[in-house]
Amino acid sequence: MVGRTGRDVVTSRLPGLVQDWKLDLVVVNGENAAGGFGITEAIYNEIRTAGADAVTLGNHAFDQREALVFIERADALVRPINYPPGTPGRGAAMIETRGGARVLVANVMGRAFMDPLDDPFAAIDRALDGVDLGRVVDAIVVDFHAETTSEKQAFGHYCDGRVSLVVGTHTHVPTADHRILPGGTAYLTDAGMCGSYDGVIGMDKDEPLRRFTRKIGAGRFEPAAGPASLCGFAVETDPATGLAVKAAPVRLGGDLSEARPAFWEA
Amino acid sequence: MVGRTGRDVVTSRLPGLVQDWKLDLVVVNGENAAGGFGITEAIYNEIRTAGADAVTLGNHAFDQREALVFIERADALVRPINYPPGTPGRGAAMIETRGGARVLVANVMGRAFMDPLDDPFAAIDRALDGVDLGRVVDAIVVDFHAETTSEKQAFGHYCDGRVSLVVGTHTHVPTADHRILPGGTAYLTDAGMCGSYDGVIGMDKDEPLRRFTRKIGAGRFEPAAGPASLCGFAVETDPATGLAVKAAPVRLGGDLSEARPAFWEA
Amino acid sequence: MVGRTGRDVVTSRLPGLVQDWKLDLVVVNGENAAGGFGITEAIYNEIRTAGADAVTLGNHAFDQREALVFIERADALVRPINYPPGTPGRGAAMIETRGGARVLVANVMGRAFMDPLDDPFAAIDRALDGVDLGRVVDAIVVDFHAETTSEKQAFGHYCDGRVSLVVGTHTHVPTADHRILPGGTAYLTDAGMCGSYDGVIGMDKDEPLRRFTRKIGAGRFEPAAGPASLCGFAVETDPATGLAVKAAPVRLGGDLSEARPAFWEA
Amino acid sequence: MVGRTGRDVVTSRLPGLVQDWKLDLVVVNGENAAGGFGITEAIYNEIRTAGADAVTLGNHAFDQREALVFIERADALVRPINYPPGTPGRGAAMIETRGGARVLVANVMGRAFMDPLDDPFAAIDRALDGVDLGRVVDAIVVDFHAETTSEKQAFGHYCDGRVSLVVGTHTHVPTADHRILPGGTAYLTDAGMCGSYDGVIGMDKDEPLRRFTRKIGAGRFEPAAGPASLCGFAVETDPATGLAVKAAPVRLGGDLSEARPAFWEA
């Protein structure tokens, strides 16, 4: 979600979706929640109150310096797992759902064209070690925050069969390649953003356009106004195995075409 | 389209689509047509025979060295317009459709996380100078070959109102953000790839996974086998203005969810 | 020069050098003069007063927003020539030396691992068009501001025989590869920085080390304190041809080994 | 050393230097020894015979596929330590000098603008754990193979006081910033290359220039011919502490200015 525009569409629509679709677990990426850059404790609480069971982050995790402090007491706030040892917070959190299921939510950051954190592939191996899907936990949700489609697809295949779903974030554009991989892991290259698409990755388009064309900025990035879309990935898992049985994109409101998971629509 | 897998799905399905949907103009990106790297004259002719009116390229344009030669006689083969002056071939081609309409097809390459060619924004300005949409030409199609969603969205807004459509390529993953921008230009961040999605951007997944995890390759990239998808962007323009009136994604076959333009389905 | 540390070493030592070495022309790179980021008019005047005949810039040219304005009246302030058309200021300036010679001073920015400006090779061709060395001008000084040694060496060879000297900047570390290229152009991959070398490229080392090891910053970059070095490139040209006849590095003070041009030492 | 040009200058001059300067230990970077790309077993043996006690590598370590095999039996061949666990070979080797001293030679790769290996800072910490300089070993030599001056300087400061010397490689251009850091570690941002400087980082200049100016290559990179330079870093350590007491650059032959360590010249 990007800025107030993004928060508003989430807080206004999420409670209804939780109810209508009987959602067991809602995970929201909040790295751009505060004016486009990072997250504050107040905003974290706002997102949780709206229905998010966990909030993941990314390269903007600590743009708001207070996140380095409050993340320690925010049990459901998950930052990229492959930050160096000693980084405040956690890279994976065990969440108990409304219905009593146990779900591991992990956030991992890619390295291609991004600040090089520790090896994301080795990091997910360590996180999953001893956490057998369908036995130790009922589901495993992985938010892979990365730039390139190649690293994302490779990461999806790497996790296939070991987690319930891998959903990419960071590009702020929803992809249309949702599917269940051969091993049973639901996959979507990017969930897209909650915010206004009449901008540049959720920010007002003037400043980005200025920088692309003139190579000299004139100010700060500000979230784009305008009608906002809520974007996400809907996955249903097999209670016995924790693997995915159904997967569909969610796109509601704003400038994008609407998409609803048929399997949850009454 | 990526390799033989991609060519096969295009050559087998495109003729039927041209007929069923009464397509006036078909543009195909062919930068990965030859084993994943570049294009040969034989393959170019094969794609044209299958129904493509123009073939665009990208950063892999000249991976097959023969393309530097045959592009001069291949009138409908379009390489990125912002290669340096003196580069063989053309960055925009005037195509006459079956129905006698005149369409400018341009290929432009982004610079973010890519080899820095000349300024893509200045290049499209020059290409459009004097080529007024709806007056000098009936439509203008721009294939913006770029890595980042931000540069692609910025480019879309930059062209809005001046061209019929801006469709991104290069990430090999179809995005779900098709829309008509406020000025009347149809926009899709990425059209996706024609080829197998059970791989990494169309290539067999073993070698990419090896490089991501071990950081040392063991061989060459080979196109992924397996059921192939055809992906694209369907746009209908207003004959009077050349601007878009309808836009929808196309996804047929393979591992992806099917998408067909409702407005062309009888 | 980086921050006050860098300005101090320049303003204190440059006047003596101008006198002792009978310097005809002094060019200083000032992109980091203001606290490490950009340049102000006051600082520009300070550098000029200290003896600089021209001040070049780089990727930090406009970090201080006022530079976009005062550069128009600062005739000897030169920003990268390959910014887009319409950028305030100039990419090359004709300077008249104390002795009445005419010297073209150009600033060009590389693109490898940098923000992609226009083609630097094409830009220098245009700048040199009609400006024949030894006929139209007495000397041509090119500050090539770039990251990689490969682009810098390629640029040096590209200009060889057409300019008096190509000196690299941007890495803030002096290289030891000064030489006169076969065509008569003096070349040095990087002139190094004026400032304290007990830091990280002239900035206090704490924050850079924190970012490299923890991947999360804790504050702003500040220029490093400590004894400062003045670094540069001394070139003597043939009055008849404008080509270089002697070239030597300059390193004075601070933590670096001293280097003085023997040919100017009485 | 780059290609045959580089090997020739090393094999012809190194034996004499070992004798004249009474060298206890010689470390050579060999990542470009085989035609510019990687190293073969025959070449490794050739370098060792010429007087190298250890051979370090870098991003081109395994360009010659045979290196993945013979590195296991080549005890003094050291590849970047921060390749993933399981990579063939070793990232640090204990070398016994002619005089019976024990020296740890480590090779570490930077991540800025390079393929992201594991954290180089954490990797050197692990390598030095329990290997106290002056007690467990007589000297520690670190070849930090990296692109940017900022990561190199940060790495030097990070190791300061714990190793005898940190010498950068990879840019193929010798820097002039040799010094002994406050903690007693000798430091040089880049040792430069052994090979011809009448090229682009040791390769014939035609192909690099073509790629920079036309953005399309026409062939392979080949080592530059022409008179070659031998470049390096001379460091003398205190036998009691293992820290550096003297440090000077070495540049012999070819197009560069000559530099010899005065403290070793009789």
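When the chains are written out, they are named A, B, C and D in that same order, and each has its own residue count from 1.
Throughout what follows, a residue touches a chain if its C-beta (ideal position, glycine included) is under 8 Å from a C-beta of that chain, and two chains touch if they have at least 3 such contacts.
Predicted model, so just to flag it, every value in this text is computed and none were measured.
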item	value
Same-site or different-site touching of subunit A by its copy subunit D, using the half cut	same
Contact-richer chain pair (by C-beta pairs counted) among A-C and B-C	A-C
Separation of mean Cα positions, subunit D and subunit C [Å, integer]	29
Rounded Å distance, subunit B centre to subunit C centre (Cα mean)	43
Residue list for subunit D, restricted to those that touch at least two other chains	84, 119, 122, 213
Of all residues in subunit D, those that touch subunit C in their complex	113, 119, 121-122, 147-151, 153-155, 157-158, 171-179, 182, 189-190, 192, 197-201, 205, 208-209, 212-213, 249, 251, 255-257, 259
Residue ranges of subunit C touching subunit B (in the complex, touch as defined)	84-85, 111, 116, 118-119, 122
Complex contact set, residues of subunit D against subunit B	62, 68, 83-84, 86-87, 115, 117, 213-216
